[in-house]
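Everything below concerns the one structure shown next.
Chain IDs A, B and C follow the sequence of writing; residue 1 opens each chain.
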Amino acid sequence: MLFSKRILVVLDSGPQSRNALHRALLIAERMVCDLELIWVGKSTPWSGIEADMDALAKTEIRFTQEVVTDDLIDAVCKRWKQDHFALLVKGCDPRHSSRKLLAPRDWKLLRNTPCPVLLVKHDHHWAHGRILAAVNTTTHNPALRANNQGILMLAGFIARALDVPLHAVIATPPAMQGAEPEMQSQVLIDQRAQRCAEKVLSDMNLTVDQLHIGEGPPEHWIPNVSKEIDASLVVIGTHARRGMSAALLGNTAERILDRLNTDILVLRAGLSEPLKPLIKEVDTAVS
Amino acid sequence: MITETNIIIGSPMNKSSTSILLTICCLLSGIVFSFPALAASGDRLERPSLVLHTRTDQIVASNVLLLDIALAGSRLVAVGEQGAVLLSDDAGYSWRQAKVPSSVLLTAVNFVDDQNGWAVGHDGVVLRTEDGGESWHLQIDGEGINQNRIETLEQALAGLDQSSELEGTDRETLEYALEDAQFAAEDGASTPLLDVWFANRDLGYIAGAYGMLLQTRDGGQSWQSMDHLIPNPDRFHLNAIQATTDGSLFLAGEAGLLIKSDEQHTAWQVIESPYEGSFFAMQESKGLYLMGLRGHLFRSDSGTGWTPIKVSTTSSINAAVTDSHGQLILLGQGGLLLQQQDTAFVPLAASTRTSFSSGVVLGQQLILVGEAGVTRVPLDANVTQATVPSDQGGRS
Amino acid sequence: MNMTRLLLTPIKTSEQLLERFLFFRRGLVVGLFALLTLGLIWQASQIRPDASFVKMIPSDHPYVNNFLQYRDDLAGLGNSVRISVEATEGDIFSAEFQDTLRQVTDEVFFIPGVDRSALKSIWTPNVRWTEVTEEGFVGGPVIPQTYDGSPDSLEQVRINILRSGQVGRLVANDFKSAIIQVPLFDRHPQTGEKLDYQQFSHQLEALIRDKYERAGIAVHITGFAKIVGDLIDGATQVALFFAIAFVVTLVLLYLYSGSVMGTLIPLACSVVAVIWQLGLLNLLGYGLDPYSMLVPFLVFAIAVSHGVQIVNTITLESAQGADRRLAAQRAFRAIFIPGLIALLSDGIGFVTLRVIEIEVIQDLAVAASVGVAVIILTNLLLLPVLMSYAGVGQRAINRARNSFDREHSYWSVLTVFTCRRGAATALMVAGGLAVVGFVLSSDLKIGDLDTGAPELRADSRYNLDNKFITENYSTSSDTFVVMVKTGEEQCSSFETLTLVDQFQHSLKNVAGVQSSISLADVSERVTAGLNEGSLKWRSVSRNQMVINASLAYVPAGLMNASCSLLPVIIFLDDHRADTLLRVTEAIEVFASEHNSEQIQFLMAAGNAGFEAATNEVISVAQYEMLFWVYGVVSLLCLLTFRSIKTVFCIIAPLALTSLLCQALMAQLGIGVKVATLPVIALGVGIGVDYGIYIYSKLNTYLVQGYSLSDAYLETLKSTGKSVAFTGLTLAIGVVLWVFSPIRFQADMGVLLTFMFIWNMLGALILLPALACLLHSKKKEPVHVVQ
């Protein structure tokens, strides 16, 4: 993926498109990638971002641009088939309502894109804030554990590359009577989460500035912490449930979008395996 | 049995012989004791009467049908269904049961003294006791009676020409009688015997259905059929035998049949009957009384002229007893119990619906038997209404 | 540890998914429940009473099987009603009375379900008098053709009655009342429809009792159909009790929680549970019988008690600062395992009742387990979602906060049982009680100990009627029927009749047998009748032609059409278990000695026969049931807590309560019968809830390293109140049954109230005591609290 060195940028007439373009530009410059710009939506292509397009043309970054008329997800999948890209960048839509029958567009993207997705919500440089990695270290599920590692690796990589502090946030589940002993009391749960997180970090040779462990639904805790530490980017994983299970159970990452005012980088579970060696390679390349 | 075994063991025998003997004794006793069990599932004629457990101290087996009661000395002996023979030595307060080898319905009982008695019943059963009713043995049964009858009739036919004993009979009658006897024999032991009377320990008579009359002169060891000797061509049932003080014998039966014999019991003749319905009983008490169906009661001085006595009931009178004043007490169907008072008959006790079959006066008590088992009625000098401790029950 | 994970993982996964779904899609959840509730309300409204004669007797017992096999040949023995018309002033020989009797007979004739050909009263043509005259037999109907109500006619009727042998049967012994014997079709012979007992009973009331009872005439009605009708009617009163229980629970719950929403919502969810239970029952094809109509009470009470636990936890979470949605979500998660396990143990405990092979109890098991399954949905799932919308209210939160802050809690009194001395004392007292209970419960009898219909009270109209009839007529209402099976056309053979005669005679030795009647009696009596009524002829003749003549007219029910079955109807003094046992033993002995290929004595029919079968089934079933219930519940606890000592702590107090309940039954003179048999299973299944909730909470403190006393105190401060309240709601739900006109409901009410209260005390006192003594080693806490 990464070594395909292409970044797909989805642009439309939404308020964050310009920010998305800027962000993509920054990343492309840093990572020496190509950009592929696609315009979706009904409004006039490239309206509102002409200036940024001109600015882009003046850089050395190679880019292609195309107007896409079919469904966004179909277009993305088509693109993916042609040529894998490393990252998808899009401006985050202002509000995602779960009440509608069909999932909002961003959510569909998060569920269906086979690579990490960056939803952009602001214009500040990441170097001015902190990187917050949201993980769930108490899980036993191997796929989720791998996802945790992927998130931490990615967040760690970005933090190191930009030389900003890395924080990790863990939302612990509430106490459950009758479960294993250490799950029966909040104190014990937090302690266990701490231990597991420390172990994971030490296994990966990563250090974080601060480990935020708190109880409560992730969609409350993570935004709280992010506000507290003034994060600029939150890296989070998602189950990427689709269809009926998404309708019934939903995905936490999707629900968090509206509550965060940072950029959000979403890593799908299952993507992390191919990611690891690549990150190592890029890491060594960059540092 | 046990003493024998002890003796055998006591003598110096080797072990194996002892054990063999023990085994044989056990087997024998087993067979003996299992006999009742084997017999228990047999025909009612051969099945010993079931011992009834005492229910209360007072009157036992109030749900047993009892048909006759007699005095053996001061002991009361009552007989009835399923071969039940009940004994009481305390004037009817408590009762116990005798050992009886048969389970048929016993209809009549008679004692000549306090030890010797006879009971008769269905299936031609004739039982004898020599110990005051404690134990009984079978003297003859229906099959024996049938056999006896056939033989007697065959002999009679054979000796028809000779003896003048057979007055008023002819060959045809005897032949019919013989045919009937043979048919009856095919039915098996199906003759109900209805009454028994013994003059003394040797001479006795039994009356039964279809004109059956039996005589014995040896205390019941052998019996002679006398059906053909009495003038009963229609073979009506003979319900009652009554001996009178002048030594003659009366037979009262179905359809108004009344037969009297002479003192030697050889000549029998039909008496003109005052009634065409059945007579069930006779009683002698300052005169002869004849009673039966639908409340009919007749009196005669000598036995030949009968005058009806009005009794205000249409229930059949089954028997009569005399109390200490010589007054007649009538008992019968539907709880009929009347005591003679001068010329009228008044109810003796509170009414009950269960029928009485027979009774006996003992001291100041009238002991009745019938559908509800034993009933005791106190007899006062002044006749008052007495409560009868009757149990309701019986075969409903 | 791996075992633990194996057991827990599916539960935890399901919990996570459920939690997400419930709290992500709250609207959808509520909408779904509302929709289902509407559908099930409609179903529930269609539920009908369903009482069948056959359901109340064992479904697979030799006696019952024999009865069912020969049922068609036993006319009128299964199902009949007796209507006694009484002349309260004077006797029956008045024109007015006879006219009334005639009208009633005619009225009954036309009621659907009545077997008209077998209807008997002195006004029906099949009741005749016979008499012997000089010419032979004469006879005629008891009411002569020439009857005209005149004094002469009445006198004739009186004579005819005496001659007919019906005194004590169709006419009372004291001539002050007369009976109409009404045999019924359990199933209509042509249409196959089942008899609707309630409707029939109402018809009897409306058309007979109400119409004809007046000054001078009283009507008494007995019979199985009337019992069932009265039972079903009594049931409607039960609905009133439900309303009372609801109101009382509402008030108490408000006082306890101090929260309006925290009262209304659990109650609403519990009512929804009841609706669903009834609706599902109807959907599954069950009706309501007098036993299963008590299940809604239980469902309501259990639902409220679990709801209270959840609301309590929500209040505690709210007091610690969570908003209403978070509080609800946390409470859901916290209580999920103990709540689920408790309800599963209730449900599976009820299912074990199905080992008892009496259909009415099996239906009860289904009704109860469906109810509990529904509670899982309404009170474990729906309730938190609704509470997440509503919140508990500030008052409740303040109350909770105040009780936290309170230094000294009055619950600390109970912690005395967690120290060694207190524990030992408690256990010794418990041990003493157990011994006392054991001794007292040895008096426990199987079956019925009273006269009359056991289902109804002694002073109920039915039992008063029954008493009237038993006192004034000769035939007892307790009949035990032995079916004598012979070859075709052999029922009237000499061998058969004399054997039956012998059998009946042998019964005279059995204490408790009043009398008996059979074809042999008919033969004997008619033989006597053919001989001018002479008692000396009352015997079975050896001559088959005489026998045949004597059986020319046989009353219905004493032999079947092909002369291969003759019933012997045995009238008993009562239907007590020891009487029945004596009778059945005696019959068994006789049958084993005399059964052959030609003739077999089979038991049994008649209400006493069925009761004997029921007693036999129950005496075995009561142990089977206990074994299963305790086994299942212990297993579930073991899977939950994964420690045998814990299981013992929870189960031992239950066992004590079961023992004491049996002692109570013995002392109150309540026998173990169909109604009371499930009581102990219900008590155990429900009583284990306390232990599960308490121990789950206790454990959360123990793993943190608290001492037993401190952990217990904390547990009581948080869950103690709800446990006590649970005991209260459960008791309220059932105590009102004590006032039911249906006696077995009253019995169940007393016993269940006792069990629920004792279970609560046992959980609060004995559980910590046992825990103290069993966990004597200081358990290594999972992680020492800093």
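General observations
Keep this in mind: a contact is a pair of C-beta atoms (placed from the backbone, for glycine too) under 8 Å apart; a residue touches a chain by one contact, two chains touch by 3 or more.
Bear in mind that the values here come from a model prediction, so they are computed numbers and not experimental data.
Taking the mean of each chain's C-alpha atoms as its centre, the chain lying closest to the overall protein C-alpha centroid is C. Averaging C-alpha coordinates per chain and comparing to subunit A, the farthest chain turns out to be B. The centroid of the Cα atoms in subunit A and the matching centroid in subunit C are 64 Å apart.
One simple way to say how far apart two chains are is to compare their mean CA positions; for subunit B and subunit C this gives 56 Å.
Here the spacing of subunit A and subunit B, counted between their Cα centres, is 118 Å.
With touch defined as above, subunit B holds no residue shared between interfaces to two or more other chains. Within the complex, the subunit A residues that touch subunit C are 98, 140, 173-182, 184-185, 187-188, 191, 216-217, 220, 247-250, 255. Residue ranges of subunit B in contact with subunit C, taken from their complex: 37, 40-41, 43-44, 47, 50, 52-53, 55, 61, 63-65, 67, 81-82, 103-105, 107-108, 122-123, 142, 187-190, 192, 194, 237, 239, 254-255, 276-278, 280, 293-294, 316, 318, 333-334, 353, 355, 357, 370-371, 392-396. Taken together, the subunit C residues at the contact with subunit A in this complex read 4-5, 8-9, 12, 15-17, 20-21, 24-25, 28, 326, 329-330, 333-338, 341, 640-641, 696-697, 699-701, 703-704, 782-783, 785. By the touch criterion stated above, subunit C contacts subunit B in their complex at residues 132-134, 162, 167-169, 173, 474-475, 498, 501-502, 504-506, 508-509, 511, 514-517, 521, 524, 531-539, 541-543, 571, 593-594.
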